[in-house]
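So, here come the structures, one by one.
Two complexes follow with subunit A in common, the first pairing it with subunit B and the second with subunit C.
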Partner chain A sequence: MACKNQYHQENGVIWRDVYELKEEIYPHRERAFYSLACNHCENPTCLNVCPVVAYYKRDADGVVVHEQDKCIGCGNCIRSCPYGAPRYNPVLKRAEKCSFCWQRLDDGRKPACVLGCPTDALQIVDLAEFDEANAVQYPAGFPRYPALNPSVSFRLPAMPKMIRRKL
Partner chain B sequence: MSEMELPLVIFTVLSQTAVGLVAISAIRQHAAEGPAGSVRPEWMTAALLLIAGLVASLFHLGHPLGASLAIKHLGSAWLSREALGTGVFTALVIAGLLSARGRVNAGLSFAAAVVGLIALFFTGMTYSPPGFPALNNVMPFVFFLLTAAILGAGFASYFTPAEKMPLITRILTVSLIVGLVVYLVVPCLWLSGGTVMRQTGLNYISSPLYWARIIAGLIVPLLAVWRMKTVPAWAPVLVLAGEIMGRIAFFSLAVHASANMGGIY
Partner chain C sequence: MNINKTAEMLLTADAPPIRVLWISCKNVLSQDFDRPKMLEAFKKPEIIVSVEQFFTQTVELSDIVLPVTTLFEEYTINASYWHYWLSVNEQAIKPMYEAKSNIEIAAALSARMNKLKPGSCTFPTEVDPRQWMIREFNQDIYDLFGIDSWEDLKNGPAKAKMHPASWHDLEFGTPSKKYEFRPDLCAEHGHQALPEFKEARKPYDKLRLLTPHTKFGIHSQFINIDWMAEFNKKPYCYLHPGAARERGISDGDQVRVFNKVGEVELEVKLTENVPADVVMMYEAWFKNNSYNCQSVVDDTSSDMGKYKTGAPGVAIHDQFADVAKV
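Now for the complex of A and B:
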């Protein structure tokens, strides 16, 4: 919602999506989710495969920015990104994706999703310094692509406490 | 398959046919004794196939007028390299066509064939992205090479003199046998991969399109050339239909890695 409020994407063009963890990974249905968008990979395949150089990676913070006006809509980045981050905008006939609200970052503000999340499930961290025992880069249910090295870290979901009444 | 990908089916199949046709023409003219065959019409066919393929490829772009910009990222984008390679190959084929006097000059023939094969390799790399685990390997290049060999030999039969038909028949027979083995084995190998690759394998073996392509595009023409010891005029048409079905399967049956988000990979 926060992302849609900020950018008013076309219907069906989703930059950040919420995926339910399947029961084979987390046994309690509809209790654990991943909220995923572009991972701003260290070695972004979207950028590498784009024939018209419509992507660039910012030196300062590693954000992978898509410049939509340069895009010719070849779909190559959409096929290439294993995380499904770039999407096709059928109205503009160009790709688009989350560029981490880089204008907000430059203005000293948080991305809309981070600001809008009511449970603080999304946070910006400096991965060079982030060292938390319960966090992993590739949790179950998230594709593992070391060659891309996605710039994300996940706190694993805890199992819920089962409270049973004594008979 | 999204409608965006139909132009890619046409472009890849036609351009690979042209690569095969030119490579086999070079071998037949300059590496085998005897008459060259109908070289000019053959190179004209290759040029027309390439031009038709390139025009088709424009329709897969959201903004076809930006197509000329697609060679901007030669440093890392295989699509830029493919665009450049195919452009140079087309120019060499047209040069061969215009300069042909009974035969195309040997140097130009082999240069065109080599550049065509390099462009085909670039195409193979373009369509082996990380997003499709079943295709993120050498297989797209192998599939495309087989298309060039099978369709190149098939179409070359129309321009080959009787003395050299045994050579073309042999190339087509071997290509069809290798193609049959590869296309039967690869989906089975995918079945032993992770969830997404396995689903791709299941999509293939449960697809009528895949089996229609195996039977009509490989088995029937193989039996025909084997029994008749030559290439009947209808065989290349059937093989072309098979390759188009195979390419539609290639673009529509592979599962994207993101389709299983939240599940075991």
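Now for the complex of A and C:
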């Protein structure tokens, strides 16, 4: 919602969404979630399939930027991104996706989602330096696409201890 | 009046009876208990005026609706429940269309009443909302928040200089400043000074019904806003798989939650997060959706609450209902 609050995308256009973990992955419904958006992949298929090169990847921080004014709305990126990050804006008839709030980054601020998260579940890290035993690139339920090499890392949730009263 | 029994009060007050209902800063039909009784009660006043930003279920039943300013259109002070922060809300845009702030509406009403019958209303007949806001401050407030002027709040909110924990100074907030095993205060307010066993409210249906607050709103506010609704589209009730099996209910079924008060119809999610003898659904007002949990919550008083708030609370944790597949 911090993202919606920041950009007020058209109704139905969501850049970052929160997905409930299935009970096979985490034993309680609506108690553990992945917050997912564009992964700013090392080898972004969105960029590779765009006929008008409406995407570029920033050298300094790797953010994959979509330039909406160049976009002709062909839908290639929307169809080819296996993470479903680019969405179709039905009003502008063009694609759009998470910008990593690059304008905020350039201004020394955090992205809206990171700023808005009350539990610090979202953080920006430098993947070149980030090294944590419990962190994985592909947690259960998150699609594995090594060819794209998504720039994300997940700290796995600790499994809850079940204490149940006999009913 | 007991504010937790709005419907009952509207129906039974007779010395004098309530002839005009003026509703402001509250969505009575979504927040107050026993909706079926409220629908009856709303037939009683000769005129119902509501001051609102949205077309709520309360507005649907009002004779006159006055559009009120949003936080973007007015100067006001924000002080909230459950935290110590105070902030100033500056007007960002002029009020749109016919919207007026609550204070301006009150002043206009006062002006008209005094024209019809001089002296009939003591509220000022002309107010400037910004001046009115400034008058909400005094030295005590400045001291409490460690500021010199309300204008200091333009730099950011201020936090009350209060300790967040009780007993931090090794004193309790009791008259004796000690832990009281036999509090006279309790006895003075109609309770037993010494604890005694009291039987809980007897279940009148098969499942305990819980209607807590949702993370997506405050009572009926915010849930209706388009961009919030993207993440919380519609209401659900939550039921234990065991309770569902007994009733032939599967995950995602459309169900009725019903009791002696009334019923609601919605989709069910099965989860062991709720005990087997509980049905849970959130208090909410969704846009273009008639869902209302108060259709199955009655207004029976709880035993405590009068000392702090002037009226006993409502036994919202002792409500009962059953669920059936539609």
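We adopt the following convention: the second predicted complex is superposed on the first by the 162 of 167 C-alpha atoms of A that agree within 3 Å, B and C clash if a C-alpha of one lies under 4 Å from a C-alpha of the other, contacts with A are read in each partner's own complex, and residues count from 1 in each chain.
Just so it is clear, a residue touches a chain if its C-beta (ideal position, glycine included) is under 8 Å from a C-beta of that chain, and two chains touch if they have at least 3 such contacts.
Nothing here was measured: the structure is a model prediction, and the numbers come from that model.
Undergrad: With both complexes overlaid on chain A, does A:132 touch subunit B (first), subunit C (second), both or neither?
TA: After superposing on A, A:132 lies clear of both subunit B and subunit C.
Undergrad: For A:28, decide between first (touching subunit B), second (touching subunit C), both and neither.
TA: Once the two structures are laid over each other on A, A:28 reaches subunit C alone.
Undergrad: Counting only touches as set out at the top, which of subunit B and subunit C does A:107 meet: first, second, both, neither?
TA: Touch status of A:107: no partner.
Undergrad: More residues of subunit A are touched by which chain, subunit B or subunit C?
TA: With both complexes superposed on chain A, more residues of subunit A are touched by B.
Undergrad: In the overlay, answer first, second, both or neither for which of subunit B and subunit C A:69 touches.
TA: In the superposition, A:69 contacts neither subunit B nor subunit C.
Undergrad: Go through the superposed model and pick first if A:143 touches only subunit B, second if only subunit C, both, or neither.
TA: The answer is first: A:143 touches subunit B but not subunit C.
Undergrad: So, does A:1 touch the first partner subunit B, the second partner subunit C, both, or neither?
TA: second
Undergrad: Go through the superposed model and pick first if A:120 touches only subunit B, second if only subunit C, both, or neither.
TA: neither
Undergrad: Could you give the residue numbers on subunit A that contact subunit B in one complex and subunit C in the other?
TA: Residues common to the subunit A contacts of subunit C and of subunit B are 17, listed in rising order.
Undergrad: Which part of subunit B faces subunit A closely enough to touch in the complex?
TA: 4, 60-64, 66-67, 69-73, 76-80, 83, 126, 129-133, 256-265
Undergrad: For the complex, give me every residue of subunit A touching subunit C.
TA: Answer in residue numbers: 1, 4-5, 8, 11-12, 14, 17-18, 28-31, 167.
Undergrad: Residues of subunit A touching subunit B in their complex?
TA: So the residues of subunit A touching subunit B come out as 17, 19-22, 24-25, 33-34, 36, 45, 47-53, 71-76, 78-84, 88, 92-94, 140-145, 147-148.
Undergrad: Would you pull the subunit C residues touching subunit A in the complex into a rising list?
TA: Touching subunit A: residues 226-228, 230-231, 242, 269, 271-273, 275-276 of subunit C.
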